[in-house]
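What follows is chain A paired twice: with chain B in the first complex and chain C in the second.
What follows is the complex of A and B.
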């Protein structure tokens, strides 16, 4: 059975430092939530508080509607997969997977059945007699997941489970994790600093900075409608281009350094002349488009990645860093100056003071008009 | 032109660097052992030139192995080592488990606790001799407070044996403590957290996770303590000199008496070979149980 997880004003302080500040989050039963943020943002601490490995300094944690704030880790009906696998080195794979069940005095037949089933799901049936030291990184991670599955918990917690794997294996395990979640349908809270994992696995992403939630939303939502400058800079690869500018009309921003005016995809209800930060996704810069104003880019490095080319350089006039992601092979553009048109769909405008996105989400805008 | 050294050349370079250390190790480790064994084949006493030492072949070994006193002292050594090392291992592990947490002031307490290990064994012997003194010793004085009659600790065979064990435990439990606390500190904390999530409480966590994970540390500690317990001399020399009777006469004490009182260095060397064989056998046995030199059990 799957159970929802609810955090109500959860806070964590170490001495005088506040690591997590008043987090409110409700994960529905069966939902895959990814907590993402830079190192030290409090995402792992939040997960550890849900697991019961860290005491909360304030607030409540509910799992399946039951208040587990003061409950021991084993009483929370959760299982956790750690970054470094945390396998018992002196036990075989089968013993690792069955350890929790042996502590509950489960019948031997039942333990054997559950271990066998989990091993079959993860394709590790041949490894059951081996010790962890005789396994590769990917196999160890599978065993760690197997140990979690065997317990048949209501909630799975993953703490950067793929960080120790190489890029190829990480991509493979990511797919397996997605399939596993679809198969088991258990509520999953997953911590990572890798936005690719966040974007591909999550039903909803929670972006944290300095212990505060910056935005909660579906992957497409946080990518297309970043709530603030931090989310805009954190989600998306290559990272969003950000330029200081000012609003000259409700749908136009001028970049004084580059002496260019950029049209937006929406109108903004702010006075003309307001200082703003214009964000343009690298994918929103187009080579050879006919209409509209152009940004002149001095290309320093052109990285051909197979299906696209990432141009790294500076904006002519202001010298600000500029990155463009173009379809196809444009390796020949290195060390040249190019003109790039801006696709308004990929533009974002942030208040220079509050750092909040000034382009209102569709729903809110339609609310305003009614 | 780039030069790629041939494999045999790099092996020779490796030997060149390793050889000095290897020679020193062999000289410092193997030479005394070989000398001790060689001495067993000669009749030689202190003060006579080595050139006058008489080759006796296996005679010393035959005499020694037929001597009941040798086997009696070996038995005393075995009893001493078994009781003291068992107690030290148990107490050391228990204390390390109790004091491993990050409690305020614990660092000071840990330092205080390992002080006995730093005291010279002769001083330990003298201290305990005073403590166990039948007339002036604080132990009897303390017992008198509770109405217990004074005991001749070092005059009674059983009590004297207990006394040397107590002094050994007092001095060497800290060694076990340090080793175990270092071992516990090296355990990956996430493994312990995984065990907590799995439902392991303190006792299960200790018995099924922590202790098996430091089995290699326990094995090496046990070997080191056994080797030391079999070679113990100074404390017993000062405390009881093997008495009363021969109740505390461990093998090394008997070797000492044979060599320096009996002036039979050949026979003493022959007994040393016996001691060496016993210690090597026990070391092999302990390492077979959990070899710290084999690939890391703890390795993730």
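What follows is the complex of A and C.
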């Protein structure tokens, strides 16, 4: 059984500091929700409140329609995987996995069956008699997931579960997590600061900053339609280029420093002359394209990554930092000046005061992502 | 290279000297326990003498030896168990719960231990007499708990702090209430600390002399006090004294050997990313 999770105005205060401010979130049964944000944005605190490890200062938490705001962790029908695995070091893998069931005095046959089943799913059948200290990081991670699976909870909570693994193992475990979720179909709330994990695993991403939700949406939606400047800067790699500019017509922004006019993909209903911030994804800068306005870039470093080259440098004229991501090997462009065309699809315009995206929501093709 | 060897030789020499300092007195004690009173004075520190078990026979078959041994065992074991029981709970409370004065208590606990035992002997005797605890094993046990608790709390406090909080949280999600978290997760993980504290407490309760001398009588005497009875007005019965001292030294030694593995083994390895 999978159950939905609902947060209603959930708030957390420590002393005078508000860590989480009035979060509203509804995760449908079976949905994979990723909470993402920088350190200290309140994402882990939110997860801990859902787990019952942290009391809420205000608001309500519902799991499967049941109000669990005041319930003990074990009464919430959840299982949690911790960043540092939190395996009981004095117990074997099998004992770790079966610990929760032994506490409920489940029949021994049933415990054995469920531990065996979880071990088979995760490929850790050979490790059942070992102690955690005799396991590698990836194996510990699997055991931690196995411990969660054995309980057959309605909701899985993951608190940065892959951040202690090396890059290769992380990529592998990410795929396994996605497969596991597809197989078990359980509602999952997953906290990470790694946007690759967020983009690849999530049905919907929740972006938090200073305890406030900035945007909730499918990965493609938050990438293509960042609601505000924070989301724009947070999602996407390399990070979106941001320049101070001025609206000269409903579909054109002028960058005074570089003396360039950039065409947008949509029209904006704001008065001409309005101060805006123009965002251009590094992937939206094209070398050698004929059409459109061009940005002159002084390349300082060219990083060839195998299939693409990331150019790091400055915008000629204004000296603002500029990053471009080009297909193919362009390592030879280091220390040179290049002209880059701007693909309007990858442009975003934000109000310089409110930091909100000015491109109208009706232009968004949100149906595509669902 | 030569300098290095010289340094190594010097190091071993220093270690050998230290070893002699440590083992020497024990050796003298053992040797003397196998000598007759006359041999003690005629042979000096020599190994060349006809050993005798007479001292051990006299000590062990003395009518009171059994009683003193049982007294010592009761005092040592009960004081150790109660100290550990109270100490681990106090350490856990200090490490995990927040309450007024927690920091002060955590930092000043050990200060109590710096008070010399001889200083408190007489005041405690007066108070214990008033409370009808003087000359009883219970009174002595109570005092040994008070003496050992600060160090035990301080030692176990450090061990509890090393237990990752996530383990307790994982246990809470798994269905453990606070008491169960303490018994099933925390206690097994601080076992090396408990073993070290047990050795420390038992050793003091077993060996302690001054307080035991003041606070016990003919029927509640412990072994160290009994040993002092061989120092009499007409002289010291060296052979018997050393035989009893050798017997007294045995249990703590055995205890340390048994528990040493516990102390050394790093039980928490693998709890979190290693």
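Convention: the second predicted complex is superposed on the first by the 362 of 370 C-alpha atoms of A that agree within 3 Å, B and C clash if a C-alpha of one lies under 4 Å from a C-alpha of the other, contacts with A are read in each partner's own complex, and residues count from 1 in each chain.
By our rule, a contact is a pair of C-beta atoms (placed from the backbone, for glycine too) under 8 Å apart; a residue touches a chain by one contact, two chains touch by 3 or more.
As the structure is a prediction and not an experimental result, all values here were calculated from the model.
*Asks:* Is this a clash or a fit when chain B and chain C both end up on chain A?
*Replies:* On the shared chain A, the partners clash.
*Asks:* Once the shared chain is lined up, is A:129 touching chain B (first), chain C (second), both, or neither of them?
*Replies:* The answer is neither, since A:129 touches no partner chain.
*Asks:* Report for A:110: first if it touches chain B alone, second if chain C alone, otherwise both or neither.
*Replies:* The answer is neither, since A:110 touches no partner chain.
*Asks:* Under the stated touch criterion, which partner chain does A:87 make contact with: chain B (first), chain C (second), both, or neither?
*Replies:* Both partners, chain B and chain C.
*Asks:* Just to be sure I read the superposition right, which of the two partners does A:353 touch: chain B = first, chain C = second, or both, or neither?
*Replies:* A:353: touches no partner chain.
*Asks:* Return first, second, both or neither, reflecting whether A:335 touches chain B, chain C, both chains, or no partner chain.
*Replies:* So A:335 meets neither chain B nor chain C here.
*Asks:* For A:9, using the defined touch cut-off, is the partner it touches chain B, chain C, both, or neither? Pick first, second, both or neither.
*Replies:* Neither partner.
*Asks:* Per the definitions at the top, what is the overlap between the chain A residues touching chain B and those touching chain C?
*Replies:* Shared contact residues on chain A (touching chain B in one complex, chain C in the other): 51-53, 72-74, 78-80, 82-90, 99-100, 103-104, 132-133, 140, 147, 151.
*Asks:* Along chain A, where are the residues that touch chain C in the complex?
*Replies:* It comes out as residues 51-53, 72-74, 78-80, 82-90, 99-100, 103-104, 131-135, 137, 140, 147, 151, 164.
*Asks:* Of all residues in chain A, which touch chain B in the complex?
*Replies:* 51-53, 72-74, 78-80, 82-90, 99-100, 103-104, 132-133, 140, 147, 151
*Asks:* In the complex of these two chains, what residues of chain C are touching chain A?
*Replies:* So the residues of chain C touching chain A come out as 164, 166-167, 169-176, 180, 185, 188-189, 267-274.
*Asks:* Inside the complex, what are the residues of chain B that reach chain A?
*Replies:* Where chain B meets chain A, its residues are 188, 190-191, 193-200, 204, 208-209, 212-213, 215, 295-300.
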